[in-house]
Amino acid sequence: MTPPNAATGYGKLTLSHQMPPAHPFDDDKLKEECGVFGVVGVSNAANFVALGLHALQHRGQEAGGIVTHHPETGFHQARRMGLVRDNFTSAEMIERLPGPIGIGHVRYSTAGNKDQRTEIRDVQPFFGEFSMGGAAIAHNGNITNALSLRRELVERGSIFQSSSDSECIIHLMARSMGQHIPDRMEEALRKVEGAFSVVAMTRTKLIGCRDPLGVRPLVLGKVGDGWVLSSETCALDIIGAEFIREIEAGEMVVITKDGVESHFPFRPAKSRFCIFEHVYFSRPDSQLGGRSVYETREDIGRELAKEAPVEADLVCPVPDSGTPAAIGYSLQSGIPFAMGIVRNNYMGRTFIEPTEQIRNMGVLLKLNVNKALIKGKRVILVDDSVVRGTTSRKIKEMVLDAGAAEVHFRIASPPTAWPCFYGVDTPEREKLLAATMTAEEMRVHLGVDSLKFISLDGLYRAVGEKNGRDSASPAYCDACFSGEYPIPPSDMIKQGFKAKSTVK
Amino acid sequence: MTPPNAATGYGKLTLSHQMPPAHPFDDDKLKEECGVFGVVGVSNAANFVALGLHALQHRGQEAGGIVTHHPETGFHQARRMGLVRDNFTSAEMIERLPGPIGIGHVRYSTAGNKDQRTEIRDVQPFFGEFSMGGAAIAHNGNITNALSLRRELVERGSIFQSSSDSECIIHLMARSMGQHIPDRMEEALRKVEGAFSVVAMTRTKLIGCRDPLGVRPLVLGKVGDGWVLSSETCALDIIGAEFIREIEAGEMVVITKDGVESHFPFRPAKSRFCIFEHVYFSRPDSQLGGRSVYETREDIGRELAKEAPVEADLVCPVPDSGTPAAIGYSLQSGIPFAMGIVRNNYMGRTFIEPTEQIRNMGVLLKLNVNKALIKGKRVILVDDSVVRGTTSRKIKEMVLDAGAAEVHFRIASPPTAWPCFYGVDTPEREKLLAATMTAEEMRVHLGVDSLKFISLDGLYRAVGEKNGRDSASPAYCDACFSGEYPIPPSDMIKQGFKAKSTVK
Amino acid sequence: MTPPNAATGYGKLTLSHQMPPAHPFDDDKLKEECGVFGVVGVSNAANFVALGLHALQHRGQEAGGIVTHHPETGFHQARRMGLVRDNFTSAEMIERLPGPIGIGHVRYSTAGNKDQRTEIRDVQPFFGEFSMGGAAIAHNGNITNALSLRRELVERGSIFQSSSDSECIIHLMARSMGQHIPDRMEEALRKVEGAFSVVAMTRTKLIGCRDPLGVRPLVLGKVGDGWVLSSETCALDIIGAEFIREIEAGEMVVITKDGVESHFPFRPAKSRFCIFEHVYFSRPDSQLGGRSVYETREDIGRELAKEAPVEADLVCPVPDSGTPAAIGYSLQSGIPFAMGIVRNNYMGRTFIEPTEQIRNMGVLLKLNVNKALIKGKRVILVDDSVVRGTTSRKIKEMVLDAGAAEVHFRIASPPTAWPCFYGVDTPEREKLLAATMTAEEMRVHLGVDSLKFISLDGLYRAVGEKNGRDSASPAYCDACFSGEYPIPPSDMIKQGFKAKSTVK
Amino acid sequence: MTPPNAATGYGKLTLSHQMPPAHPFDDDKLKEECGVFGVVGVSNAANFVALGLHALQHRGQEAGGIVTHHPETGFHQARRMGLVRDNFTSAEMIERLPGPIGIGHVRYSTAGNKDQRTEIRDVQPFFGEFSMGGAAIAHNGNITNALSLRRELVERGSIFQSSSDSECIIHLMARSMGQHIPDRMEEALRKVEGAFSVVAMTRTKLIGCRDPLGVRPLVLGKVGDGWVLSSETCALDIIGAEFIREIEAGEMVVITKDGVESHFPFRPAKSRFCIFEHVYFSRPDSQLGGRSVYETREDIGRELAKEAPVEADLVCPVPDSGTPAAIGYSLQSGIPFAMGIVRNNYMGRTFIEPTEQIRNMGVLLKLNVNKALIKGKRVILVDDSVVRGTTSRKIKEMVLDAGAAEVHFRIASPPTAWPCFYGVDTPEREKLLAATMTAEEMRVHLGVDSLKFISLDGLYRAVGEKNGRDSASPAYCDACFSGEYPIPPSDMIKQGFKAKSTVK
């Protein structure tokens, strides 16, 4: 989403810093923008937060930050561009972040657009010093009325340090008359519209909150005598924590070492969890709705095999995210599963500042087709989604160059035709292949023998809604497929965006 | 000075970052805390600001920052730990800071005290986005009522991002009702007490202001069609700018490419410029009051020779700051001047993380006595000041070890017995040698044959006050020598500091 | 293998340099020590070499080097610790390595043993200046008489710059009376015993050579008008080169832009290619013996399923190297394949300098078990090999902690009971689990319900020897399984090593 | 001097590495190429070597290296680009260099010429492993028959790792039949022509040697029970060592913890110490010939005042090297000494990669004229030498721009008209101002009111030869002034250089 100040006449501040590498290949995926994690009641919180963020790294690779509090030395903070393992695992760093309570945040990587690069001032958690003490917050999601809030706050004398929509929350808290920080946070979040899973901390309290529709995930865990909040359960596993339950839509929990208090500060609403978390964002070993995401994806593959069968010799995943659905497709169809495309494990994120010649070789740096295996075969390629279609075309070419007899694409999600305004990095609508082409046009564009997407009903069935999608009251947010926005993206609407429909 | 939030119950935030090396040797000097520079109306302001800050590097070595504005791309900013030459001279950096207007700041190095280290969030210039546009400010000096201002601002919902007293100014500006930024700055500065020379910028205006007493320096220059503000004239020389005049005490100038407007927003007061700028802070090739600082220092040496003559074979400066006074002493006394102590030019600031053994060798790393020259001689050592006395003792030992027959210390300033609260990094009062010892006790402590300081009257004469110090209305701020504070250090007084006298 | 000079009384030189991170997890694999690549007749050789080395990165991650030659500017060289993508992909680096001919080398990562760390002086290619011009060589393999050669050369006045056995070759070449560099290389290699695939270059010639038994791989490719030599075919794919053929055992090729000359400088011998290249070292998308390594590994899995069936619910690979064999096992047995263990893609090699607490969490940082999937299931875990057994134990614990009902290990290679002296980094014999335990002891030690290795005959069948292993004249080097060494490891024998048998 | 391989048809190897900054300002000085230091019999030699090299940093700023030996762990070595204080002072580095014996080397900085940049492989000490153990050597000077030696050695099979002439010594030692390393070193040095002060070490012995004419300096000191060798006495002072004596011309000392053995392996010859060490190279606080270099330089200034008096208001040194001579000139002439040109202490070596605009401002970055002091004055500028004259012109312009009424240059050395081939970095002859212009032409070229050099006789008098230069048998090497070369520069003569005269 465009940062708030770009759309106003406000002075614009560009920071110069070392740029992290862009991520050419993943350009062609929707991307989760953040992961959040917090812990209280352990001997050295930073250790746990670092591990938790490492497990959530797939939710944001560009930057990360940790804030801790120690009773004697106060708040400590470190924010860095780059991966958790490169910044937050050294003994020296952990020593600088002492104390039994801490929160952390990993932040997305925007692709290519130079003006939207993360700057260190935008890296969360954000910290504010109030008259009753300090607080830090980390936010996963997106505030859909951030522009209006920001304009109002600036007019009243607040000074924003970042271009992030999330900073509104801490300024609203600073201006609240509430006596206690959790009260101030409730007051602030009631003014905020959009999707948010927030993890916050004071000197002694760990606070978690999900927006009324519960669009983004947040789970509660227990480790020894301490408590954990995390975007996903895979981050509980890494620290040996027990998964207790998901935080409910609209719930705020205030956790001290003595236990968990639950509040419901918002008007009740029907939950609309992001269905794309099942398709791609969440890690396969995380649990959502009582089963592993891996199993759900295998079921998506099975549904896809039922809906869109084809005769072929091999089912190959586009690695790595297409693998579970490909396995499901293979199990359902009886066509053998094979790793026809091999990933270079030493790719890391990308070549740093590659030469023109290297850049032009594109996707080959990261993937290679197993020529001897593919040659003369009819191949089904299973991928999780098609966004711009650029990667799909390159992969198709690679597979044909390797001598495949036929190439059939099967996609584990419906056509992505609408941008997300709830915390996911989406291209503008006109760059979404499915926004401008019919299914057949897409097939021709990609140059494959067949191209089939799972239906929206099929996807709902795979995630556990036996009757498919209830169009009167869908169980999930599926705006990126349906164009039906459960929260009005008001800043964007003011800028001219036209949703298919919005609900209030 | 203690950062404001240390004295309050506020949450304290400690940032982790790469620590710059401490500066063991200069530990024993008072240190100017900042230098400021600004330019408007040139083709690439950042180039000029980088050069200007390089020339002002002696006023602050720990960190530096530059903000520029370009009509098309808005504000640009870079703030870095370390020296100007290491951070702000590459073509890549200058390209990131485009535009015809810019300001910059170099920041002091505190010595040793781990809790007072500069953090990147404390590096100026500070930037604020107001409803009518952005502004950046750089501040040399110290706000003596920063604690009360900060407490009030926080209670009203301002969020401070730094521990710096200077940040109050930008928050006061944000809350002002003024229609234009210069109006807001006037309003803000009227609420501020203390010593300040401020350089600020909007999208088109360069603004300079000195506090009513003009404690810290600020000069105006002209380069081609552009205008320059700088802490000292040496930074005009480096860019080939013409020195126009000093900004007056209590004056605010608003400069566009069309010219300089002058305002006097404060109640008129008699100027009290910092006399220590003449003794040590300013560079010898800068001009103050119409003559070079070098000549003034030579005259201090002459006065000292008149006040405190002694029979000896050689007059040797403690390099480099004692050199001009030693030359003056030699010229007045007729005793030959000699470089008896040699400085290692490759010392830079200090050894980075030296081993215990290397650390124990102390001052020898930076200086060496010219043994063959000194042996058997009666030596007069001329230094600019004695603060803790630790360096003086080591130098005396080196000179005696080299075989000197007698060692006579002559100090180009009166005993430093009081801390400065106007933008100079001073040890606590009890660590100042002259605060706890008589002159004879100091001589015994240092173990020298004689020790003489110039008198306060002698110093005034050397800086051009022919009748010495007018104790009813001194022409300079000399609080560090006299304990008479021309601006009440109100935050410190609340914390229990007792000045000899204060003036309001 | 112990570097030659450690075993002698020679002066030992230890270089201090920035240490790369160790690789705790992969500690428990045999490791290929090197990959080599060369190209001639292209416009900018360095670009191709960089890409080729990137594709060969799995053969050596600790360091890499490139040498090129340009007719006008002579030889150019860069050698670096770390990954190819971090060192050799920037435009700046490629510009420093101009010319139409170049060779490169990636070097292994030794684990943990501080005394065996790679030093920059040991990074290949090695360069020597002879009277008729310079030459550079890159070597994959190990010279088994390096100690005696080195001692002799030193006694005659050669000065070794590295601790590498490969440096002997260049010194032997320097002392040769041969008129041309290829002649000198032939002469040098005839004095050398052991396993070697060498890529070398002069100003105009690219030279490749395999030892008489052809233990290590080397292939020839064509790209445009240019020629390529590479350890594996996957590096031909990345640059779009055509795979021409494998260099034969005992063959030397001398390549100019005009074509390829073939020589056979050694006494003819029956080829004994390393069978472990099929099991683990080579990339699955490389071709060996006319088919993809992936297919061979799938067949190993099928053989394993025939030899060692078991009733179970899921077949899970230990990622990533166990995947093809697990797929084969699943296809053969009909038990569903599932990704029960998930790899963290952001792990890179390891946490850099992790804290004690993080380190103690061990393998969890890199892998996570899919709890919801595994719970209550009987699981077959397929891994490529068991070396020390440390990783296998941890994985078994993770799987049991996740609630698996039974755990059955199936290993896609026979028990690894003997060290390799032909260019593979193996632990000392006593640290190999299979050298000290029977199969049942290993099962108990690992704590699993069953543990089965493929038989040596089964492995031979899977790699294409229909009748299994011909014990009179095996088609492969399988010393690590059989203890039968086709080349006597003479330096090691002098140091007391006892092979089961050796062949000369 | 051109590195040997540039002039031959040999393959040329260019290493890519991080380039250190060039040194634009000092471009216009002759530059000592090296400093050497060694110590034996102390608890941790590396500490002492690091300090010694720091004190010798003025003799070479581009790179440095240390080798130590520990009885248990063997030889240890670290070589780095950059300053000693940045590379060799951390506890971590010192720990990597254990043992009671060590040697070190600092290496010159060549200016501008991209092809002559120091590469890490050229950084000394050089190490060689012989059959009886290892040895390391560090060399100050230049071998005048290096090309022929190198060609011969390469033809016999030696492989050179560097482009340095000094590497010949270690190869000659490797090929010697001598039983002990000191014997081999004697044999090697007898084959070498040129100027050399060598410090070397074996496992237990520290060895020092000066060439027969003793062109470059080397002194012996004692620290506790240990012994020290150093290029200059200032490096004894920094570690608290006692200065024992200079090593004599043609002397070799072999030092163990038990004492110093002295040998004279060469044919006796009259000493010809480099007179420029007195003028510029050595530090003013070092002792040469029984007195401080500072005093000698003051005497040079006095001689200059006698030979070339002029009426003026101020005597100003060109900092820092002109200062002692300027003081001497002032004392002799009675004209007041003043620091009219001020040096920026934060310059370090230079701006790293400065922008075009910054680069064009040239010398101003490093120096500033004290305008207010200079204005309207007749100024005598005292500098140590004129090489290309480029700096002198800039300084003259600065002084005139500042309003000086007259500018008189007085140079503390005769015109530099001939290149040095004995270990000093000199421009080619045609770039030396004095090689192509008469004194008056130089005055006009520099644009000053007068320009006077000290006479060669005057210089000899100042360094203690009361009767001036004995032209039949001069006491010093003064080839750079006289063109009379005491050692034939045979490699250069073969390349066409014509000396005025050479002595054999």
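Order of writing sets the chain letters: A, B, C and D. Residues in each chain are counted from 1.
Everything below uses one rule, namely that a contact is a pair of C-beta atoms (placed from the backbone, for glycine too) under 8 Å apart; a residue touches a chain by one contact, two chains touch by 3 or more.
Here the structure is a predicted model, which means the values were calculated and not measured.
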item	value
Furthest chain, CA centroid comparison against chain C	B
For chain A paired with chain C, centre-to-centre distance based on mean C-alpha positions, whole Å	38
Whole-Å gap separating chain A and chain B, where each centre is the average of the chain's CA atoms	49
Inter-centroid spacing, chain C versus chain B (mean Cα positions, whole Å)	61
Which chain pairs touch, all of them	A-B, A-C, B-D, C-D
Contacting residues of chain D [partner chain B, same complex]	44, 47, 50-51, 54-55, 57-58, 61, 83-86, 89-92, 94, 234, 237-240, 283-285, 287, 290-292, 294-295, 298, 320, 323-324, 327, 331, 336-339, 342, 344-348, 350-358, 361, 364-365, 368-373
Parts of chain A lying in touch with chain B, wherever the complex brings them together	5, 9-17, 69, 73-78, 93, 96-97, 127-131, 133-135, 151, 154-161, 170-171, 174-176, 203
